[in-house]
Amino acid sequence: MSQKEILIDVKNIEVAFGTGKNKFVAVNDVSFQIYKGETFGVVGESGSGKTTIGRAIMRIHPTSKGEIIYKNEKINGKISKHLDKKVTKEIQMIFQDPMASLNERAKVSYIVSEGLMNQQKLSEEEKEQKVQTALREVGLLPEFANRFPHEFSGGQRQRIGIARSLIMEPEFIIADEPISALDVSIRAQVLNLLDRLQKEKGITYLFIAHDLSVMRFITDRIAVIHEGIIVELAETEELFLHPLHPYTKALLSAIPLPNPEEEKKKVLLVYDKEMHQYETDKPRWCQIRDNHFVRANESERKKYEEEYERNCK
Amino acid sequence: MAVSQVNLRYAMGVNMDQQDIILSAKDIEVKFDLRGQILTAIRGVSLDIYRGETLAIVGESGSGKSVFTKTFNGLLDANGRISEGELLYHGENLAQYKKEKQWLKIRGHEIAMIMQEPMTSLNPLKTIGEQIVEAIRIRDKKLSLQEAKKEALGYLKEVGIKDPERRYGQYPHEFSGGMRQRVVIAIAVACKPKILICDEPTTALDVTIQAQILKVLKEMKEKHSLTIIFITHDLGVVASVADRIAVMYAGDIIEIGMTEEIFFDPRHPYTWALLSSMPQLGIKGEDLFSIQGNPPNLFTEIKGDAFAPRNPHALKIDYQKRPPYFEVSATHKAKTWLLDPRAPKVEKPAGIARLRELKAN
Amino acid sequence: MAALRHKISKKLEDKVSDNITSMSDEELFSFQEYNANESEKTAYSHYSYWRSTLESFKKNKIAVFLVCIVVGILLFTFIQPFLPNQYDPNMVNNDPKTGLQYRNIAPCSKFWFGTNSIGQDLWSRIWTGTKNSLLIGITVACIEALIGIIAGVLWGYVRQLDWFFTEVYNILDNIPQTIVLILISYILKPGVTTLIFAMCLTSWIQMARFIRNQVLIIRDREYNLASRCVGTPTRRIIFKNLLPYLVSVIMLRMALSVPAAIGNEVFITYIGLGLPSDIPSLGRLINEGRELMMSASLRYQLIFPTVVVSIVTISFYIIGNAFSDAADPKNHI
């Protein structure tokens, strides 16, 4: 367990937009490690900075502090051409809105092969071959290559987006809410596909979502983020069984249960950050159990420990 | 019950032993002219909506759930029309309405609508207070500004907006998505409609906010004795709010029943698929149940059961003949040949069984 | 319930005779083989952006009519010199009997639009003038678009260049175009090239600014981020991701540039700095006509060229607007 290889190591990064008075810190002192082959989830509401974290690793947003280490090499800030090419190939992103993330004026074959052409010179036949393989891998028909994106449904378009990433043979994929814009009936398709690809190719995922219900099915570990700060981090089952931070509890209580009887009885928890007394007793990053961390100050930490004990009984 | 209502029911020719029907759609067919082709978006849907219930219409995008409800207040796009059927509301056939003026009496005052994106129904240049007051004074022209303002503050408080006096004078852009949706609800309710159509009101919102909005809707329904039609693609969302669920597919209601019946005893393979593909029911490491393929093309005439090409349990007859409704109980019916006595037995997907276990626990 | 079932089976029996189904009940209620690939197939929607644009443009009957008019006029200006009984537009026509010039002859069967004060045939002058003015307008629109698009895309997409172009814009935009036009026409040798040069010198910045604003709107859309994430170079993003989205708005701008350029030409010639007298243009004809405006019998010399200018200008405006409506995918019903 402890011998897992660290693929990506995010150390105290800060991402800020604007300068001076208008400065807005979207991500504040965030650290986590992602092991090779696992699915790491980041969950939080809109505006929590979860997308910004993904985009910082993707190097779309520059970081203002901290380091992002990928395979023992720093990839944020200025990097060499050679490393840039390598990272561009090995780290891929799947976007949230399949309606907005495909170039409407280009054919599917161009969209899917775009990244490949930036990496190497390929003959038309080789390119076609690779595009067809990628399309087949995501469960689409090879003849779709000559069509335009607007002819496809949301689920199919999202799979075209996945094919675009896959063709690069990535090691790490950042999936930024890949299913929240899709119909529920289509979500399962995409989740199964991501799961299968991980099993077959050993791809590591950073899975970003606002909804914990999906997380339980797809992730190994989860970080809960609120207003740019990670408040709790634990293995998935652990987090669902022993949530500690009140914000995590609020998120859990909001998951819609597919059971009308339970759902009608459910008590909805609401999180208000005013509930913490952090004026004198400052919060720290505390370990409550193995691999279970929570942001708390000293008195909260004691409370959480007691709560955990009680829960275990 | 008021005498007029009884008379009304006579006028509508509804059986006396049935509940009080507020809106009745009969064999509604909606067609669109699209680039020289004709698209049949709604293929003969009949639906009775009872006073005071919350009916959820569930289906994926393109199933016609929004189009169907848009016929209730005349909001079909210009190239669409009700080509057949009747829409009875208080003895009037709304399907015959041609002029915008006729709809103005219905829209907002009798049947109001809440959209997915709150900004589309708010005026960015007016304070939210003004917008609610406007709605109140359209309804009740005699009301003074002071009285209307007082009422507006009441509505803001009801939908859970803290510090309503201060919020009253603010503009929509000063509100978060969830708060805006509350304001939209307040405006809709201020018109005192009988029916409130909610078209995916929570889809664009975070889960925590979504749960709160659902709670507000439930409270408003009780307080103002509304009839709510709730449109969504997510069965999970409606478990707590809906009394009855209608499942739509390819422009037709393929199964309708009480919420418990749909969740614990679904009969149509499409309903099975919808239920068991919910990620909440997934088990880590195993594949989630998923529906393959795409909804049918509504430009061409559909033969048989529209779901057949995507249904691993499809029968030959599904490709030949459109199934009628088979009644499962007095309140539950489904359009699938699997309910025919001659049909072979089919195992439901594992997820459905898991739902039942959930119930048993 | 039982009755219902009975009714249904009865209906079914009817169906058998309908020859839709020639199968037995048993066969009808057996499983159909399931093909996952079949369910993946989508209906080919046959939607094509340009075809739909054309379709909705064709619905605007006035615009279509005006397109025919403009194309007709342009074609006719080329054909006209080769028709029988045409005069050279610059030739001064003399009466063979008297040897005097045919001065200010009102429209007649010999000179269809009459002659001007030195006996040149107005009919041929108008068509040659129209040809020259239209070609100037179209050339200006094309040059403006070419420079404007290149500058505008760089301005909008490459952040480092933003301040540079903004400064250039601030300078150029503060110089009134009329002054530039007058100055250039005054300094350089009068001619078509000078005129085109003068008009393009500053007007491209307006096009560039317009393109820049459009690029800013779409530059951070997810599909562009996606292209950047797979390492697509900027040049290819511009040609494959940005410009295809802008074609329709660029066409509109170009359509509106043509009448604007003709208007400028009329203005410059009007104040006496335009084309040399041996190059007829609409501006020159209007200027000549204006001088005679006060005598009623000679007013035809003003009316004919102004009618042509009006038709061309209005046509381009209406066509441009109709096209921009048609090119908006929202209107593709």
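The first chain written gets the first letter, and so on, giving A, B and C; residue counts start at 1 in each chain.
Everything that follows uses one rule, which is that a contact is a pair of C-beta atoms (placed from the backbone, for glycine too) under 8 Å apart; a residue touches a chain by one contact, two chains touch by 3 or more.
The structure presented is a predicted model; accordingly, all values stated were derived computationally and were not measured.
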Chain pair bearing the highest count of C-beta contacts: A-B
Far-end chain from subunit B, centres as C-alpha averages: C
Centroid spacing, where centroids are CA-atom means, of subunit A and subunit C in whole angstrom: 47
Separation of mean Cα positions, subunit B and subunit A [Å, integer]: 32
Subunit C, residues touching no fewer than two other chains: 40-42, 47
Multi-chain contact residues (two or more partners), subunit A: 153, 156
Contacts with 2+ other chains: residues of subunit B: 292, 294
Residue numbers on subunit B that touch subunit C, as the complex places them: 33-36, 77-79, 292-294, 296-297, 299-300, 308-321, 324, 326-327, 337, 340-344
Partner subunit B, residues of subunit A touching it in the complex: 45-46, 153-156, 183-189, 191-192, 195-196, 210-214, 216-218, 236, 250-251, 253-264, 266, 268, 270-271
Residues on subunit A engaged by subunit C in the complex (per definition of touch): 58, 60, 84-85, 88-89, 92-93, 95-97, 100-106, 110, 114-115, 118-119, 139-141, 147, 150-153, 156, 161, 164, 168
List of subunit C residues in touch with subunit B within their complex: 1, 4-5, 8-9, 11-12, 15, 20-21, 23, 25-32, 34, 36, 38-43, 47, 52, 55, 332-333
For the subunit B and subunit A complex, residues of the former touching the latter: 60-62, 177, 206-212, 215, 233-237, 239-240, 242, 259-260, 263, 273-275, 277-284, 287-292, 294-295, 355, 358-359
